[in-house]
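The letters A, B, C, D, E and F name the chains in turn, as written, and every chain counts its residues from 1.
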Amino acid sequence: MWLYEKKMEYPIEIKNKNLKFAKQLITQYGGFAGELNAALRYLNQRYIMPDNRGRALLTDIGNEELGHVEMLQTMLYQLLKDATVDEIKEAGLDSWYTEHKRGIYPTDANGVAYTVAYFAETGDPIADLVEDMAAEEKARIVYENLIDLTDDPDIIGPLLWLRQREIVHFNRFKELYEYYKANVK
Amino acid sequence: MWLYEKKMEYPIEIKNKNLKFAKQLITQYGGFAGELNAALRYLNQRYIMPDNRGRALLTDIGNEELGHVEMLQTMLYQLLKDATVDEIKEAGLDSWYTEHKRGIYPTDANGVAYTVAYFAETGDPIADLVEDMAAEEKARIVYENLIDLTDDPDIIGPLLWLRQREIVHFNRFKELYEYYKANVK
Amino acid sequence: MWLYEKKMEYPIEIKNKNLKFAKQLITQYGGFAGELNAALRYLNQRYIMPDNRGRALLTDIGNEELGHVEMLQTMLYQLLKDATVDEIKEAGLDSWYTEHKRGIYPTDANGVAYTVAYFAETGDPIADLVEDMAAEEKARIVYENLIDLTDDPDIIGPLLWLRQREIVHFNRFKELYEYYKANVK
Amino acid sequence: MWLYEKKMEYPIEIKNKNLKFAKQLITQYGGFAGELNAALRYLNQRYIMPDNRGRALLTDIGNEELGHVEMLQTMLYQLLKDATVDEIKEAGLDSWYTEHKRGIYPTDANGVAYTVAYFAETGDPIADLVEDMAAEEKARIVYENLIDLTDDPDIIGPLLWLRQREIVHFNRFKELYEYYKANVK
Amino acid sequence: MWLYEKKMEYPIEIKNKNLKFAKQLITQYGGFAGELNAALRYLNQRYIMPDNRGRALLTDIGNEELGHVEMLQTMLYQLLKDATVDEIKEAGLDSWYTEHKRGIYPTDANGVAYTVAYFAETGDPIADLVEDMAAEEKARIVYENLIDLTDDPDIIGPLLWLRQREIVHFNRFKELYEYYKANVK
Amino acid sequence: MWLYEKKMEYPIEIKNKNLKFAKQLITQYGGFAGELNAALRYLNQRYIMPDNRGRALLTDIGNEELGHVEMLQTMLYQLLKDATVDEIKEAGLDSWYTEHKRGIYPTDANGVAYTVAYFAETGDPIADLVEDMAAEEKARIVYENLIDLTDDPDIIGPLLWLRQREIVHFNRFKELYEYYKANVK
């Protein structure tokens, strides 16, 4: 079970209304390389890991990704919360407003609803860990693309931190993958 | 952010391999009335609640539903973990095994991958709270249907407890809904 | 069965080519809170209502929603029918034209095809009626959002009327819900 | 707009609980060749027909298909309404019951929710009419397949009638197609 | 099996960065009337054709459509490959870049991922061939719409050629359809 | 472009009607780890590889996977082609027959239509290659699971060969990945 702590993993404080950027940023909430997909993938796959080391790592990273989901939600919330209808129209967010006002909803950058079809659960620890390494690499790239598209330091800061976490996770998954390759039949 | 505690909200200990039942039970993990849908709905909608009371309630229940997701995952895991291939075939879980071995993956009872299209985020607290009341009623009914289909007390116990929680949540959402109807413009 | 009457439930006569607005308006045809979803939900759920009163109400409102579908279709048709290719490009409807010319197709505001995953059928009258109340509230909010985004009286008129119908339906569903809560075991 | 008449286009009276067959039959409600898809396709496409003849034909057949939807719903309802939980389990409808009790919901034979992605709207009358001819042929084949799978005359009767209507519609669409090919630039 | 030949069915050489057009053009890669859908449809349906003539025709056209897929991929690749981030932003391709950089991915013009739900396989040669005729007509129309939207001769050339192939295929499917209508029971 | 050669990559000759197995086998045609997904992934991703070595490898393996698609199609076709309606019913393939007769259609083992949402295209060669390594591992596991479920040597033979190819591909992707890590900025 989880205990919620009213604290962000990394501080989010966006001062400028960078409304247009919300349309791209949301893909790291609900897109194929997004944090929701990561959290659900790991918290789902942990059950079939062959030992406590594997189960603990998947739980640990899955749990951290839940915190990343919250970071993305908070960034999106801060971007939209004080926008007027005129600002929303000017930024081309008319469709967002029509369906969700200033609320957020997990989609990709085209507005397509998140689906768990984006991840796989093979039930095999080796295959699942390669999938997880791929997931971290995909997320890293999308963070880099997002950073290419903005120059707001309030946004770039958390994105750089999140990108760095993907690299850390990749390495931890790789280490476990190599351990299981060597030690698990 | 979340702290993971290695403890179940309600104890799960399934002793009989009730494999066939896993095909129905999984809908409360990844189906339209399932716990994953509930957790994501509330943890998503909490941002647009107009005051701390609303945000706290949505966070609190959303967090509890994460624990329910874990209960469902654990039930499914225990049902499958020691099954032989012959037992799997006899129970008609050949397709499950082919794609996921003894792993679990959030689908409905037909094997359709979970999608957030099952919930809505209108960005309006009143409308979202009625949606939430509906969600709790739908989950309650599906738990009752599942209980109709089994006589294993190790399964019925947790399902009765989960059903009871839906009723509690319905009432808490209703109370907040009525408070906002009276007090929020 | 149905008899078609060549008459609109509420008159539609849009004089200005408000092309850009079509992209948002279409969500009330094929989006999660749209009229097609409403019509199909009620005409599907009516079968499990426990008495004639329930079956009649669901049939009656479902049937009215079919007429609302036609109103939305007509609004979209009138917005697009005389647009030149240049006007279409200027309004940013290039993708619409590519795939449908000036035709209409039930999607949400992002162009995602309508799916019945947006509604539920639990087979339980109480749970289905709370779902229906939520549906009416969600549709009301989306109409209000659309009205925020336009100032064309030819569009606002029908939208206000449609919004009003959602309130009426909400109340009728609530009344039936309370009657069944009190009278049906 | 539509007037509902409490009358079936063709009488439905199923006396035997042919529960297992419901799993196949439902595809003609919510599958790719089903009646819901037909009704929505024609009632959507009618707007871009170049003259009253076309608009009237699409409206007329679309309207009739709405009545076919009701026939399918009624057949499914009659098959399930008096089934006990034991009969449901024996027929392998456990998943149906879990999610919908004895209610019905528009899916294909695998339980996949209906989506309008099954039909197209090109906005061109010629292309849309060939699509419509294809739709009628696909529906005819699925009715023939269903008839192959049952020997219950209460079911075969309506299916034969529905199959016959597909042939009539095919011919009417073909006639209009040829007329437009010859007369519309 | 297939042998790949490093040669385009029709030469593609796009000199201007017509970035904005990529958003529409992609639908003929991964949309409902696109070349990927055509190739998969025919290469899937060929198995149930009743004789070698049918199997050969479906294989032959299916194979040609694979080459069309490659033409579309190449057009999209050439449109994007040298674009700077600033040009991408100006053309409104921010979301594309975020998720795919300058890579391509089979979607429709709204960014919705390709699904085989766009085609049907009835297992009946007559019905499948009418579906195929419809497919060719739909593709022809979308090519015409795309040509309406651009004036770049490097783009129009291949699109005109592709449009012409749809007409040829329509006629070949029609011929086979009529042959089977006359000769196959 | 492609040249079709009327020859199988590996001979398929299934003598026994192992109808029931078709329901599982089909996932390697149209499921998340299936050959269609592999072929489309590689033939799509090849464009963004930074040099000829990468483009050639992706094209080569993508092309081979097209041949694997054909092997799977042929296996499924041979399993079904001579089945009587009674045999189909006995094997529990009623739903398959209803919708596709003895035809085949790319789905997973639950009958869910194939979607390209199962693969990603990041536009980055490093991330795409890790995704490709994961894909090969996932496919290998599913072949192993299928082999666990049957004892028919006519089926096991091709599956063992296909499984072996996944291992070869994994190694070739890994080699390229390491080369790019060392040599591409």
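Observations on the structure shown:
Everything below uses one rule, namely that a contact is a pair of C-beta atoms (placed from the backbone, for glycine too) under 8 Å apart; a residue touches a chain by one contact, two chains touch by 3 or more.
Note that the coordinates shown come from a computational prediction; the quantities given were computed from them, not determined experimentally.
For the pair chain C and chain D, chains touching both partners: B, E. By the document's definition of touch, common neighbours of chain D and chain E comprise C, F. Using CA-based centroids throughout, the chain positioned farthest away from chain E is B.
Rounded to a whole number, the gap between the C-alpha centres of chain A and chain D is 42 angstrom. Centre to centre, using the average C-alpha position, chain C and chain E are separated by 33 Å.
Look at where the CA atoms of chain B average out and do the same for chain C: the two points lie 29 Å apart. For chain B, residues that reach two or more other chains under the stated contact definition are 32-33, 99, 101, 107, 110-113, 115, 117, 120, 122-124, 141-142. Touching chain pairs in this entry, ordered by label, are A-B, A-C, A-E, A-F, B-C, B-D, B-F, C-D, C-E, D-E, D-F, E-F. Residue ranges of chain D in contact with chain B, taken from their complex: 85, 89, 94-95, 97-99, 101, 107, 110-113. Note for the complex: chain D touches chain C at residues 1-5, 7-9, 30, 36, 40, 43-45, 47-48, 59-60, 63, 66-67, 69-70, 73-74, 77, 99-107, 113-117, 120-124, 128. On chain C, the positions that touch chain B within their shared complex are 32-33, 115, 117-118, 120, 122-124, 126-127, 130-131, 133-134, 137-138, 140-142.
In the complex of the two chains, the chain C residues touching chain A come out as 20, 23-24, 27, 31-33, 108-112, 141-142, 145-146, 148-149.
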